[in-house]
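Both of the next two complexes hold chain A, though its partner changes from chain B to chain C.
Right after this comes the complex of A and B.
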């Protein structure tokens, strides 16, 4: 059944969009590294790209792709192919193509100009975010049958994770300003993979001093091996949970 | 060979299938007849596992196949409207399905690919195909892997008369090999020499499931369209015949 992944992968790679995306990513990365005088600054700039553009592209492209694959899915399911396997394979193909695009578009410049620990963390985060948001796109496209709604839902997810969530966190912070919230802040961070990456990266480039006491708590937590392992596991969960729910829904779906 | 037990399926408030219990035996060629929206395609899709029934069970050779997939190895399905990935070519689709389904010990059945002229169009992209050509591709795929069961949803709709005849010949030869064949069609004259049983569906119910010979005896007509016309006559009373 690896064959299905192969067909999905060929199909996506034949699609010019992925190529264009890779070129744009590497264009941005290379110019940041060339324009900024220190690689640390360039990494910060690149981090913003990773935090906003990658989830957006990943969500929108994956949702569109999955809706356009409706015929392929229908064809496959009238053949001796298991639903669960089909969806997993399609997801693997999709995720793999994003990994390839990110590894080339961001990985290559990072390896050439900023092959530091921070650079590698950023690359890892970029890859994880791509895969996580493809998984969320998969869920959105399995839940709604309507293409426009599905893509709308994907965009809403992006707005939520990129902007609204931070607003909510700020609101909570101000409302409960009298209480010690450092621990709670770490927990809240886990609820948003974008925030998780952002805070993790900010700590990597030693900006924690800007965040006061919370920064110190963050530093202590994310600097420890336990904290890093937990953060990584949470990122993996962000990928697995949408995937598992999507497979469950897909198993019950009529075509 | 295939038995359904009390299958129910609702789409919202619409009862698409209500308590369908039929048993389909190897060697029979069964026509599913019924008005539009009577649940024929839904029943077929349920047998294939494309539609999940709300209640009931489907048995293939005595085993429940709800949520299973291996049994589809023995089914060739020709959908009413074949939907294929737009950017693939006919040859790529055929290769892909062959790649997925091929049993290395058995030669694939290339007969229809050659006789319908699909072999001369392998480079055509699916999005450029007419409805009839799509239908030909669907037919080729359904017959390629020597399935024990053939499920054909409106096989001749959209085909030119010549291709329609080629397909009917093929169906009739498969029938002689003892396969179970299910056909839905609105063109009853197409089914005349092929079918041995009729399932008549209406509003999600199976109204009757009878042998063609019995129906012919019952109504005194030979041609299937006449038989159905008599049965559909609101003043028809079987006792009077």
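Right after this comes the complex of A and C.
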């Protein structure tokens, strides 16, 4: 069964788009590290790339790829392969190709110029985000059969996680400004993997400012081992839950 | 018995007669107090190595008290260790240890009481409640001493160097850690504080109030609970000091409250939650200071007026300047800001559009701290950009009209 993963992986890696993506990522990263006078500032710039570009590309590319592979999927299902296994394999191939692209595109410059704790955190976050958003793309493509709607849904998801969610949080913050919201805020960030990554990086880059907040709650939580383990598990859940739902839907779907 | 005492006294005097020097800690003269009792004005009392548990030692003559091989003066956690009550005394080379601790009175390692021209140098103070405690002293020098204590909280700890109602002091080359305040002045004037290192104190690295005309040069204040706080003073000069890693919710590189007519040049602020916090201060000039990687480089409350900032570098701070109102009576022209995105068409090294160091988000997080969790998110960048184009909430007048394009070369 590993063959399917291998096939998908090779198919994507041969794709020109993936190659271009890797080159662009590494181009941005290298130029940031070379142009900025300190690696701290370069990491900040790179953080924006990780927070916005990586989710967008993962979502759009994955949905497109899955729709284009519809015939391949149908063909495979005529073979003695279980649907669950098939979808899992295809997802593994997809995710693996993104891991390779991100690890080369961002990992190489980070390891060369900014191999600090912050840099490694950023690299790990980039890889996790790629995988999470390909899982979400998988879900989107399983839910609708129409390619345009599927890609539209993926884009909406991106807008939601990158912009709308934070706007809602800001709104809630000001509506309930009279209440101690720190605990609730921590819970809310769990609902958005992009935010989780951003706050993690914030605590690396803007530690001085974060320590200034009353009781330094965020620093205490996200800085502690338990907090980090919980955050990491939440990220993994963000990967698994869309995948499980997608598999369930796919199992019941009438092809 | 009297005869034995006479012999002892004879030996002590014997030494004195020939050299003007009395040695304590010998068989003839085991106690320091004996030696002081025998000494005359201008004599030197040599103290041999060993542990002396005879506190409090009262120095009531103008003598030089010299420790050889760091004799330990132990207060047994009960007493004040040494009290100087006469002018022109030098204390050198002692290890003051375990003074009493009290929430009721200020027990000191070494107390200087209404004296002039006293020199305290090359001593160690470990686990003293207050290290050196000066009251009504004048023209005294505290040089190259080390103060180490293990203070846990503010209420049960004393200050390293504590001076009260004094003038013309020289405090130089001391290292203070683990006290409440590293260096504390109240009503201390015309003094010179240079090259001291104050680290890991529970409250402030340096704390002074009502202390006018003082000069601080080349001191380091690192990782103190609340940084440095200076209040209600005039004509303070601060040159080339370093304020590092003072982080916490109420921690400042330096807190200036009601300071007037002062001058700060060449100071270095790095990794502090707030580099400088200013409140009710007037006529202060900041030149050639470096602000690097602070949470807020400067928090300038609207109650400040006539503050001038010139040729300072602002690099990698989360926020450059935050304020709490719209009134701005200060001038921040001609600094370098690494967040400046303007251009310089006529190539004169100055940006052609003003730089606004206060972002909308810093005003928002001032009002609602939990909003900090949204820092550097897309929505925040968007509202910040919008605000930069059309300032609505941030103070209009708080801007650098001539931002430098390149960082100033500061040492």
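Rule of thumb we're sticking to: the second predicted complex is superposed on the first by the 248 of 255 C-alpha atoms of A that agree within 3 Å, B and C clash if a C-alpha of one lies under 4 Å from a C-alpha of the other, contacts with A are read in each partner's own complex, and residues count from 1 in each chain.
The rule is simple: a residue touches a chain if its C-beta (ideal position, glycine included) is under 8 Å from a C-beta of that chain, and two chains touch if they have at least 3 such contacts.
Note that the structure is predicted; figures quoted are calculated from it, not measured.
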Contacts of A:38 with chain B and chain C, given as first, second, both or neither: second
Which superposed partner A:170 touches (first chain B, second chain C, both, neither): second
Between chain B and chain C, more extensive residue contact with chain A: C
Which superposed partner A:14 touches (first chain B, second chain C, both, neither): first
Partner chain in contact with A:77 - chain B first, chain C second, else both or neither: first
Which superposed partner A:28 touches (first chain B, second chain C, both, neither): neither
Touched partner set for A:96, first chain B, second chain C, both or neither: neither
First (chain B), second (chain C), both or neither touched by A:252: first
Which of chain B and chain C A:69 touches, first, second, both or neither: first
First (chain B), second (chain C), both or neither touched by A:120: neither
Chain B/chain C common contact set on chain A: none
Partner chain B, residues of chain A touching it in the complex: 3-4, 7, 11, 14, 68-72, 74-83, 251-255
Footprint of chain A on chain B - complex, ascending: 11, 45, 48-52, 67, 69-73, 77, 79, 83-88, 93, 96-97, 99-101
Residues on chain A engaged by chain C in the complex (per definition of touch): 38, 40-41, 44, 47, 51-52, 162-163, 166-167, 169-170, 173-174, 177, 181-182, 185, 189, 195, 198-199, 201-202, 206-216, 218
Contact set on chain C toward chain A in their complex: 247-249, 251, 271-274, 293-296, 315-316, 318-319, 338, 367-380, 382
